[in-house]
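Got some structures for you, see below.
First subunit A sits with subunit B, and in the next complex the same chain sits with subunit C.
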Partner chain A sequence: MTIGLYHYLVLAVTLFAIGFFGVLLRKNTLIIYMCLELMLVAATLALVAFSRFNGTIEGNVFVFFILTVAAAEVAVGLAIVVALFRRRGTVDVAKLNALKN
Partner chain B sequence: MPAILFYIFSALTLAAAIGLVANRNAVASALSFFVCLCGISVLFVMLDAHLLAFLLILVYAGAVVALFLFIIMLLDMHGGKRPPFKKMTIVASSIAGALLIFGAFSFFARGQFSTDELALAQAPAFFTDLKIYGAKLFTTYMLPVQLVGFLLLVGMLGVIVISKKHEEKEPGDRIQEAGDKP
Partner chain C sequence: MNATINYAELVYALRPEIALTLGLLLALGYDMAFGRRMSDCARRGVAVLIGIVTLASAVFQTLHTNVPPVGHAAYWFHGAFVYDTLAHGVRLGVFGLSALTLLLIAGSIPHSALRTPHFKHPAEYVAIQLLATMGFSLMAVSNNLLIAFLGFELASLSLYVMAGFDKTSRASAEASLKYFLFGGMAAAFMLFGFSLIYGMTGTIVLPEIARALAVQGPSPLLLVALVMVLVGFGYKAAAAPFHQWAPDVYQGAPAPAAALIASASKLAGFAFFARLLFSGLGTVSGDAINFGGPAGWIMAVIIISAASMLLGNIAALAQTNARRLIAYSAIAHAGIMLLGVIAVRAEGAGPLFYYALTYGIATIGVFGVFAAIERTAPCQRISDLAGLWKRSPFLALVLFVCVLSLAGIPPLAGFFGKFYLFAAALYLNGLMSPAGWLAFLAIAMSAVGLYYYLVILKAALVTNATAGTSASTEKIRVPLGTVIALATSAALTIALGIWPDVVLGLFK
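Now for the complex of A and B:
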């Protein structure tokens, strides 16, 4: 049995779905954020697989940029979480409902 | 042999991802995420993307997970009980995840990605040298490299501004805080 593009795509989709499930299920902002990162990594896995099986390097270069943007995004997002915690004293999304009504 | 390795490491990655979602402890979740990233970087090596595997470990596992662990430690979220998930939330998010998987599989089932064609051995030859990356980054993708560098600068400035402590509160803040109390 050989491993084809299909197997990598199935794995990437499953990882993405697990991350999506976590984003909906969890209430801790930090864990929601980690699940978002998991979804991002699943997408990069699909990109690398497409790039490999098409024999082009463009997908790999794109993943390179995604990694850079993700690093900047994590830094800013975690700074926002810290500012939120300092202001509100919690990172539970069920309690962060100031915009609800 | 690559097939066995693929199955071992994809199972490890999936188990770690489920551990990330299901763990009640935030530190255990972060460590599961670390294991998941290691599994994905092994899959990158199997896809001949050696530089990306290295960068994934370096940037994600080295910097991002360390930052997450640092913030978890800084916030100290263990005060108070954590209530169990509502049954409705579990059902709704399970249905949403299952629908996502179902949608993707119905796309696959249309036959665009059949299981036997496009094996790795038949895929076109592919060399991801550092030289090729450098040539691509500094010729075709020169503008994106500049933009990403600028983005990193802006991100750094944004983090400094956001995490700075405000000495005096503006009038708007006080109204908001007064409004918070029930």
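Now for the complex of A and C:
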């Protein structure tokens, strides 16, 4: 059996779904971050696969930029978690309910 | 793709962004070298001044760009950037709105010992806001998915930081985290949608995508891609049912940051969204003119728009917190702007641009008033506004003008924004079309909206602050920067209402 575009796409969609449900269901902020990264990686994988099978280079170029953006996103995200932990002493999203009407 | 790379053209396309970069480096460098030796007040003044001068030079660069006549567009750097009237207007608009919110910083410093100052590092705040503005400006000119994604992320990442900038506040950090989590998920959805579009068409340049899709026609995979892009965009624009972060962020973020999120971010986001849908996906738009036409993204946009108008307006009725009320009204306005995206087909981007611009100006006015009140006392609940006309007649007047503009009362800009937008939507095919029904719903919902806007005005203009309520009776001294920003937004709200052709004329 040869591995084709279809298999890569199934893998990408699976990764994306795992990440998405992780974001929805997990309560720990750090785990949610990891799931967000998983969703970005799924999109990256799809781009690389499409780039290979379309025979155009744009997808690969796109990936370099996504990796950079993802790194910046982690930097900002972790900084926010640290700031929040100093104020609240928890990173559990279920306990973050200070803002309401 | 084998053409030589013309870097001069790249520099020409990105002159405003280059000006912003130099300005933010200057702000950071100056603060690092001299900031510690200056008083807090001087430090803040210098940072804001550098920010304003930088934005002014970006405006100057934008004004010295050749704008193609209406209906034509110039493409730069192998189609990576597009320049037309919309891009020109949005660039000028976001620079102006960003400058107005910068001026609010001076006013949001508590001068009593009630709260610790939360803008301890003004230069960093100004630098991050300039980065966000750069992201908006990139979104305005992007003509390919990569530039659009980078612009979106640059703007979003900066806005997350700005929402959490008040490190002394529990609410600010929480607002920032919620904004970040929702925004990160939205970015992932949009990116996956982009990757599917790229996979189907083999290109990331919007007009080429349109050409490829015109040949292929609609497919199930395309539908998935469209839904993912719409979900991602719905989160960014705070459209229902993807709005959950908006009330929390509007409530918890520092007022100048919330003002930027509500104004320039919306303008740039909707401008890019209209460009993506019409110039990239225009051939698979479906039909908004007749019932039962071919399916496409227009139907999905109509559903999100209707949901936003209904949820935003009805949920706003129940709010006792003024900032959350403004947030729900923002969701309702996002619904109207989505109707404007559909109406781009009839009248071009003019009505949408005018609406988003005047909405942004009025919202900055409202948040500026909240920020100025917060100098002496907390300003969260609607009852905190009680007796405002006695504490500061100027603030009460600005709030009066801006809130009435949001409500859509003539002759203010908000009324004409709604008027032109609904007229464009009805122009598609009268009342007997999905777009026509949506316009009718929008008009009905505007009447609902009038009620909660009047609740705010009643608290500020009629109610007296009595001993029983939490509202302070202390006179409010409004600092110069805030006076300039508020007077400008109120004056623009009135002037653009009387002379709407100043803006709309650009698109004719």
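By definition in this document, the second predicted complex is superposed on the first by the 99 of 101 C-alpha atoms of A that agree within 3 Å, B and C clash if a C-alpha of one lies under 4 Å from a C-alpha of the other, contacts with A are read in each partner's own complex, and residues count from 1 in each chain.
Methods note: contacts are C-beta pairs under 8 Å (C-beta built on N, C-alpha and C of every residue); 3 or more make two chains touch, one makes a residue touch a chain.
Quantities reported herein were computed from a predicted structural model and do not represent experimental measurements.
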Mind working out whether A:Ile32 is in touch with subunit B, subunit C, both or neither, as first, second, both or neither? second
Looking at A:Tyr8, would you say it contacts subunit B, subunit C, both, or neither? Reply first, second, both or neither. first
Which partner does A:Ala83 contact after superposing on A: first (subunit B), second (subunit C), both, neither? both
Looking at A:Phe16 after the superposition, I want to know if it touches subunit B, subunit C, both of them or none. Which is it: first, second, both, neither? both
Check whether A:Leu96 is in contact with subunit B, with subunit C, with both or with neither, and answer first, second, both or neither. second
Name the contact category of A:Ala46: first (subunit B only), second (subunit C only), both, or neither. second
If you stack the two complexes on chain A, which partner ends up touching A:Val61: first (subunit B), second (subunit C), both, or neither? both
Touching both subunit C and subunit B, counted on subunit A across the two superposed complexes: 9, 16, 19-20, 33, 44, 49, 51, 54-55, 57, 61, 65, 69, 72-73, 76, 79-81, 83, 88, 98
Along subunit B, where are the residues that touch subunit A in the complex? 2-3, 6, 10, 13-14, 17-18, 20-21, 26, 29-30, 33, 36-37, 40, 43-44, 46-49, 51-52, 55-56, 59-60, 63-64, 67-68, 71-72, 74-75, 77, 85, 89-90, 92-94, 96-98, 100-101, 104-105, 108, 113-121, 123-126, 128, 132-133, 136-137, 141, 144, 148, 151-152, 154-156, 158-159, 162-163, 176, 179-180
Taking the touch rule as given, give the residues of subunit C at its contact with subunit A in the complex, in rising order. 1, 145-146, 149-150, 153, 157, 160-161, 164, 167, 169-171, 173-178, 180-181, 184-185, 187-189, 191-192, 194-196, 198-199, 202-204, 247-248, 251-252, 318-321, 324
Provide the residue numbers of subunit A that touch subunit C in the complex, in ascending order. 9, 12, 16, 19-20, 23, 29, 32-33, 36, 39-40, 42-44, 46-47, 49-51, 54-59, 61-62, 65-66, 69, 72-73, 76-77, 79-81, 83-84, 86-88, 93, 96, 98-99, 101
Subunit A - residues contacting subunit B, complex: 1-11, 13-22, 24-26, 28, 30-31, 33-35, 37-38, 41, 44-45, 48-49, 51-55, 57, 60-61, 63-65, 67-76, 78-83, 85, 88, 91, 98
